[in-house]
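Both complexes below contain subunit A, partnered by subunit B and then by subunit C.
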Partner chain A sequence: MPSLGADMEAGTLVEWRVKPGDSVKRGDIVALVETEKGVIEVEIFEEGIVETLLVKPGAKLPVGTPLATIRDEAQIAQPAAVIAEKPAEATGKASAPPAPPVERAPVSPAPSKRPHISPLARRRAEELGVDIAAVEGTGGNGSITIADIDRAASKAVQPKSPATAAERQAGLRKAIAAAMARSKREIPHYYLGAEIDLSRALAWLAAENLKRPVTNRLLYSALLIRAVALAIHDVPEMNGFWIDGAFKPGQGVHVGVAVSLRQGGLVAPALHDADKKSLDELMRDMLDLVNRARAGGLRSSEMSDPTITVTNLGEQGVETVFGVIYPPQVALVGFGRIAERPWASQGTISARPVISASLAADHRVSDGHRGGRFLAAIDRLLQEPEKL
Partner chain B sequence: MTEAEIKAVVLRVLGAIAPEADLAALDPRISLRDQLDVDSVDFLNFIIGLHKELGVDIPDADVPKLATISGCVAYLASRVNKQR
Partner chain C sequence: MTAGPQTVRTTYREAVRAALREALQRDERVFLMGEDVGRYGGCFAVSKGLLEEFGPERIRDTPLSESAFVGAGIGAALGGARPIVEIMTVNFSLLALDQIVNNAATILHMSGGQFNIPLVIRMTTGAGRQLAAQHSHSLEGWYAHIPGIKVLAPATLEDARGMLWTALEDPDPVLIFEHGSLYNMEGELAEDAGLVEIDKAVVRRVGSDVSLITYGGTLGKTLEAAEELGRDGVSAEVIDLRTLRPLDTAMIVESVSRTHRAVIIDEGWKSGSISAEIMARIMENAFYELDAPPARVCSAEVPMPYPKHLEDAAVPQVAGIVAAARKVMGRRG
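Presenting the complex of A and B:
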């Protein structure tokens, strides 16, 4: 059971998307898991052939429980990659050594222990993800029939009564509470704010959008995320995790985009490699990410990978955000609303659209001086929107 | 297309974006963003949805005309019926 964020303790397997014998490669969706944050598509991080599905749909399991075993091309059974650690942060754990060759490898098992089962029933068992060893046969000689398999499968599914909206809501609240309490307890936050003149960025955006068809339009929040992602190149200590008493830089810039959910609560899934994407790619992926966050269908890596969070509360009329860092991340950038303000520049005052940017950062990793440089870099980048 | 047909499309697209909303209770003359809990992503999805359902291009300069249900119906009626 993968950890899909610091606040997750357990998850419920909803559905397998693979069956024994299927080849899988890195990034394939192998299962659906229900968490407080909705149903998440679980990706696999290994390549090989699915050998055994160890868990049946409906089971609620603590993080770290093996869900399946996969066999690599060399026919060695491994406790599955599906156990999934937090790939970006758990550098130590992530490379759990593969188990030594186990009897589970397709060497012929002792004939006496082999359950009597017809090929048809065996195929059915594979399709339904039923572990034959756990099925009691009711056929002649105690052999396992198709009906036995179906019965076992339906029993396995029974415990899964889908959480009601209220239960899910309560669970989400609890998960947010756990993460935020941990943040406030452990992270020595410092806060910095800066007013940023957005006149150039918004003028460029408006001109750009006039040229674009509906399906290709840009939102200003894409510019903000892009500027934050690029500013990390100047101040990389904002990007990563505080784990086991030390800062671990993020592998890549995966911006967690805070998305409020319609039924309440929020998630902040990762926009992967936000510094490497063009603005168009970033916009397209952001729209897709927000839509999936709200409709369901986030992927496990999106839940576990964010290396920094961006939250934009300006549309709610908020002036300034005082952010709470999502552990084990070490920084959060908040944006307030864009307001027209008198702005003095080169001896004259004019009205400009201004946004308040704030940084909440972890004092164990960085100081106000570096935080200030980070905000200054975001400002500088937003003054040259055509380069974003 | 009649205005009633266009209004039905507008409400359908809106319903997909804000499923929790009581669409019948919306005041057609008041800004959608003042009546619904929708943000800029939702609103962009709304415009994209109208574009896809009705097959009309909606230049960015015209988007402010779509702020209310009445505005949507009037604007889209002129666009749809001009095209045909």
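Presenting the complex of A and C:
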């Protein structure tokens, strides 16, 4: 049972996505696990063949419990040969030449034919989130009708989500409470703020977006995340974890993006390697992340490994964010709203769009001096938006 | 059928005759012409007695030349008359196709809107009377292809009685297709039955599982099929199109959007037909409402056979309609 966040103690296995004999590689989704933060897709980091599933769906297990065993490729040859010998044995002819070793194709689901489904049923399936591959059709030629979808949806609802929406909501609140109490109890926060002139960044963004089709336009929050990710190169001690009394630098810059959920509460899943991604990739991944955070399809790695968090409350009209660090991370960058302000520069005063950036950082890891440099780096990066 | 206080027992033939009489009485400009409409009383006895009542000026027998007497009708309409031209069967109307398609349907357009053609052409259509391949086809769908004319298909006593006058009031050419097997259909008709609108389809039977879309000669069979389906727990809606041009697309889409399934019943052939057009409109307008592919019950693609058993096998029948509806219902049906 993987840890899907520092505050997680146990999780419930909802569903296996693999079965014994399946070959898996790094990044494959192998199971669904329910935590206080919703149902998370668990990825695997090993390569090999699934040997045994040790746990049945529905079991609630503490973090660290083995869920399945995996054999790596090197060990496969022998057991595969054993399997191949069996048919020869069954014939009872000892003298028969050994059957040629049957190469077992990886048991991945064969590319299935496009299911016959009515347009109405397909629309309903999308609305209800029903997986049509698992629905049996009762219409003409075995096609799937709307009645089949409704039946599948009503079946799926009960066993798949043992927790009601209200229970999950209460669980999420509890998880946030635990993490934030721990943060305030353990982390000596210091706070810094800086006003950043966004006129260049917004002008560049407006010009850039004019060149793009509506669907590919960039939001300014992508610029902010990119600037934070790159500023970490200047001040790496903002990126990582405080674990067992020491700072452990993050492997890569995985920016946790705070996403408020419609039903209340929030999650901050990671945008992986945000410093290595182009603005377009960031934008695409950010939208995907927000959608999945709200629909409940986050992956285990996204939950467990943000190395720094960015929260943007500007749209709520917030002037300045005084953030609470998500342990065991060591820093959180907050952005308020963009407001037009009188701005003195080079002896003249003009009206400029200005954003208030704030840093909440762990004093055990860094000091105000480094924090100030970090904010200054963000500012500098935002003044050269074309380089982001 | 006994909705009104006063009804009379009548037939489709008598209802058409009553409509003709009323038109001839109401408007002096109205006259009837065609093959054998006068002395013989009409090939299907529709105009029996009208010659005696209205005289040879207004009930005119014509030579056996469809092109000539339809052309004469167009000329009379241009001259201010309100002609009703009877063509014996739709097969014979092909001889007048040039007059109908090239003249009646186009003159308003060709004259820049100066000359309209207030002409009504009635003709018999359809099979079921062992009249073989030159008298039995259902070609009304072809006419529904032509802009500039309206195409009506009365399937009930009310429509047989009421569509003619509405058609005569229309400033443009209107074709009325009377299915030959309907003339002897008997039923109750309100004594005060009068004109009906000619641009709307009508739901003849309300249902929720499948829309059976039909018109004219197959309406009765379709209603029978709907009853049989009802006994099996399938609630079939029956739509009588009444008018094939312009098609009441809105009504078709509305019904299919409720039932999510459609079967079209048409005595015409499938290829390039009105049933194909109805399907196309369902696809264009209600694709995402469909829970099964629409189906059609149409005539076999052969010239209409003469022997009764073969003719019966060639045209839509109740059993075929029921089977098609069950198939679109899937395992439920």
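Worth pointing out:
Everything below uses one rule, namely that the second predicted complex is superposed on the first by the 301 of 388 C-alpha atoms of A that agree within 3 Å, B and C clash if a C-alpha of one lies under 4 Å from a C-alpha of the other, contacts with A are read in each partner's own complex, and residues count from 1 in each chain.
Please note the rule applied: a residue touches a chain if its C-beta (ideal position, glycine included) is under 8 Å from a C-beta of that chain, and two chains touch if they have at least 3 such contacts.
Bear in mind that the values here come from a model prediction, so they are computed numbers and not experimental data.
Applying the stated contact rule after C-alpha superposition, one finds that A:384 touches neither subunit B nor subunit C.
Which of subunit B and subunit C touches more residues of subunit A: that partner is B.
Shared-chain residue A:186: touches no atom of subunit B or subunit C.
In the superposition on chain A, no contact is made by A:167 with either subunit B or subunit C.
In the superposition on chain A, contact of A:209 is made with subunit B only, not with subunit C. By the touch criterion defined above, A:319 lies against neither subunit B nor subunit C after alignment on the C-alpha atoms of chain A.
In the superposition on chain A, A:120 makes contact with subunit C only, not with subunit B.
By the touch criterion stated above, A:340 is placed in contact with neither subunit B nor subunit C. Of the two partner chains, subunit C is the only one that A:145 touches; subunit B does not reach it. Within the complex, the subunit A residues that touch subunit B are 206, 209-210, 212-215, 217, 219-221, 260, 262-263, 286-287, 290-291, 315. Taken in their complex, subunit C has these residues touching subunit A: 260, 287-293, 327-328, 330-332. The part of subunit A that touches subunit C in the complex is made up of residues 118-121, 123, 137-140, 143, 145-147. Those residues of subunit B that touch subunit A in the complex are listed here as 18-20, 37, 39-41, 44-45, 47-48, 51, 57-61.
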